[in-house]
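In structure tokens below, several structures.
In the two complexes below, subunit A is the common chain; its partner is subunit B in one and subunit C in the other.
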Partner chain A sequence: MAALSRALRLRLLLRSLLVQASWNYRTMQGAGLGFALIPALARLCRDDRAELAKSLRRHCGFFNAHPYLSTVAIAALARMELEGVDSEQVERFKRAIVSPLGSLGDRLVWARWRPLCSLLAFFIFLMGAPWWVAVGVFLASYNAVHLWLRVWGLRLGWREGREVGRALMGSPLRRLPDRLTIPLAAVSGAVVPLLALALGGTAGIGPLFTIGIALALAIAGYGRPGLAGRLAVLGLLVGSLAFVILGISIW
Partner chain B sequence: MISRPIVAAPLAGLLLGDPISGMWAGAVLEILSLRQLPIGASRGWDTGPAAVAAATAALGWEAGPEALLVAAAYGVAVGWVGSWSVHGLRHLNARLVAGDAAALESPMRLTGRHLSALVLDLLRAAGLTGAAVICWVLLEGVHGVAVPARAGTVAALVILSVVSLGLGVDVRMMARGRRVWRAAGVGAALGVVIGLWLR
Partner chain C sequence: MPILLCRVDDRLIHGQVVVGWGSHLGLDIIVVIDDELAESEWEQDLYRAGLPDAVEALFASVETAVELVPAWASNAAGAIILTRDIGTMRRLAERGALADIEVNLGGLHSALGRERVLPYLFLSDEDRAELKRLRRADVRVSAQDVPSARRVKLDELLEMKAS
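Right, the complex of A and B next:
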């Protein structure tokens, strides 16, 4: 199978950026998938408008995947269409690929990478960096992975075609979410004491009190985040307020 | 990703002349919104308009954490209203791109409808943001109440508690079994705090 032409690849990639534009409860990203596939389908059905209409309508049915990894499906579907795979197989492939793409993308991007980038930016700001540096770090780090995922997905989808599900199962990307939990846990832990210091300084609370509160909140919040943790934080808050309101000075 | 609070709020603050206050409001909102995972048809609060509303409300928060607390609460309220407008838009999109089969057979018509949905979302978010800013400006007329003594301390403790608990829940969900690393992060930052204090 020949490589995708650079122009077609670029058009598929750019259109994948808008795959969620018309997200709806009925077909979810269906119209977005059809929109993204228009260049490939138009190339395939250059002289057959009826076939183009039929293909487009088929692809505008239900589809939903992680938006950044939708390029995997877009490229694989483009290849299947250009290879002339029959429509029933294409539909089966679409139904089968939705879950792996959603699961991998949600765990990797929404649940790990985005929180890590956000907390890292806040951590940098709390350490004294200018606000625009923190914002720049967030945008650069987050979008580097975001855009890489889209390009990687496009290449993988085109290379593997209908076998892309198997390639995803063996991909090193599957282990990445677990590895990201380490920096995510460390940065989220570091944010609380620094936030306590910053807020305490503005509110005129002394450092000893700040350190105590931060430590107690960190232990209560991270150690027992369920109902017990909520009660612990509530108790801590009520106790601290009592100290403050009664004017008891411990710093 | 410019609609994330940690980006949108400082940029809105910059336009209003106070990016630092915007950054603080955005950071608090960002942490509060971390647990919202846009999976399937889930619908969290709309972070873009929320961030701009919070940045507007946080202007001049150097006066004390109470202003930051009010700003974050206002942002969450606007974001919650925004989530209902997103719900309505999704129903509208269904009619636009999934209700008319003929529209899905022509590349031109499909492109037109798909991009119309994008424009509708832009108008929705812009309208909500504008309304939120106007409401805040009107509310500011009654905002000038005397702040009780120690309100700043109370506000600081409330923000800290909410953020700490929120992070605890989020990290339990997203980084299960990494207590040692969490403790290492807390310990390292406490070391910095104590070091700064001793200096």
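Right, the complex of A and C next:
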């Protein structure tokens, strides 16, 4: 049974990669969730195709989560179905898990990890690395965390089932976005003077251009509450510092 | 103004409420009024898992809420009240819990028997009947999904053709 369930989990994981493949405004990831759950539902229904169609239809309604964390829901739902939890509870679970998975994933991936990896790759490129190295660094670093999140989510959902909310509340994932704020600001700050030097070097207006970009960042961030403002101000500080150091070493 | 928003939204706690309205209004606590949820700890944990640390969530039955709304209203903490459907809001209104509180229709989504009135608002005949009961109870009602959107008052809303 252990070996069997490992194979099943692997199939759920691979199918989760297509969870957004038929995204639409009415059910969002609904069909993707149904598709991902087919191996679990098929095991449950054995040869009864009518029963399989019925349970599949139940899982093709509305669903929407962060795609990388959708595995939390997929695994928990697979476990609930295999344990015979009644369909009303399953529906309540689906309704409740949409929002925490969305909010955790949005904050961690879209607001932190993706910009951090893009800027890091850009930084490496501006430092003189060939373009394909920069692209490779981006794809490798970004997808390492992407795939780790899918595997992590699958294990968590499978282990906790319906009670996964408690585990999500205590998970390190909730603190991670805050921890990434400073590294993200530092990298964006380091990119600013490098970009200005690269562009200004060809046009012969380096220092002016740098000051212009720094001012634009400051104006964009001024008075704006929350992340964008903090990032802009931090980026400006780090960027100015890097500019001074670079400027001294060049002149 | 401690009750910042009193909202009907079938998604309950989600980004539009926490970030869209919460950061706009200074949110400290979200009160979800729902008889079934008030009894179900595993579901409460799920809804709480998506909240930032600074925001607390409280789950109450209609019965408890009727007693506690005045306390929330006089509390220094900024609260957003949420219900899943118009019926729960109407029950609160009938028990006198919504005096001087405007009801915001923030999201009722596509379901069997519901027709689209606004992009974020699908209403069934039963929903419309509940809205009229709210109007008869002299509760102010308007529809608005996010702070930057136009606020549609109840009379105008009920005139709108479904599409």
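Heads up, the rule we're going with is that the second predicted complex is superposed on the first by the 201 of 251 C-alpha atoms of A that agree within 3 Å, B and C clash if a C-alpha of one lies under 4 Å from a C-alpha of the other, contacts with A are read in each partner's own complex, and residues count from 1 in each chain.
One rule holds for everything that comes next: a residue touches a chain if its C-beta (ideal position, glycine included) is under 8 Å from a C-beta of that chain, and two chains touch if they have at least 3 such contacts.
Just so you know, these numbers come straight off a predicted model, no measurement behind them.
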item	value
Partner chain(s) touched by A:Leu184 [first = subunit B, second = subunit C, both, neither]	first
Partner chain in contact with A:Arg46 - subunit B first, subunit C second, else both or neither	neither
Touched partner set for A:Val164, first subunit B, second subunit C, both or neither	second
Of subunit C and subunit B, partner touching more subunit A residues	B
First (subunit B), second (subunit C), both or neither touched by A:Arg26	both
Touching partner for A:Asp106 - first (subunit B), second (subunit C), both, neither	both
Contacts of A:Arg92 with subunit B and subunit C, given as first, second, both or neither	second
Common ground on subunit A, meaning residues reached by subunit C in one complex and by subunit B in the other	26, 102, 106, 225
For the subunit A and subunit B complex, residues of the former touching the latter	18, 21-28, 30-32, 34-35, 38, 41-42, 52-54, 56-57, 60, 64, 102, 106, 110-112, 114-115, 118-119, 121-122, 125, 127, 131-132, 134-135, 138-139, 142-143, 146, 181-197, 199-200, 202-205, 207-208, 210-211, 213-215, 217-218, 220-223, 225, 229-230, 233-234, 236-237, 240-241, 244-245
Touching residues (chain side subunit C, partner subunit A) in the complex	11-15, 18, 23, 40, 42-51, 53, 109-110
Of subunit A, residues touching subunit C in the complex	26, 62, 92-93, 96-104, 106, 162-166, 168-169, 174, 225-226
Sites on subunit B touched by subunit A in the complex	1-2, 4, 6-7, 10-11, 19-20, 22-23, 27, 30-31, 34, 37-41, 62, 64-65, 90-91, 93-94, 96-99, 101, 104-107, 110-111, 113-115, 117-118, 121, 150, 152-161, 163-165, 167-179, 181-190, 192-194, 196-197
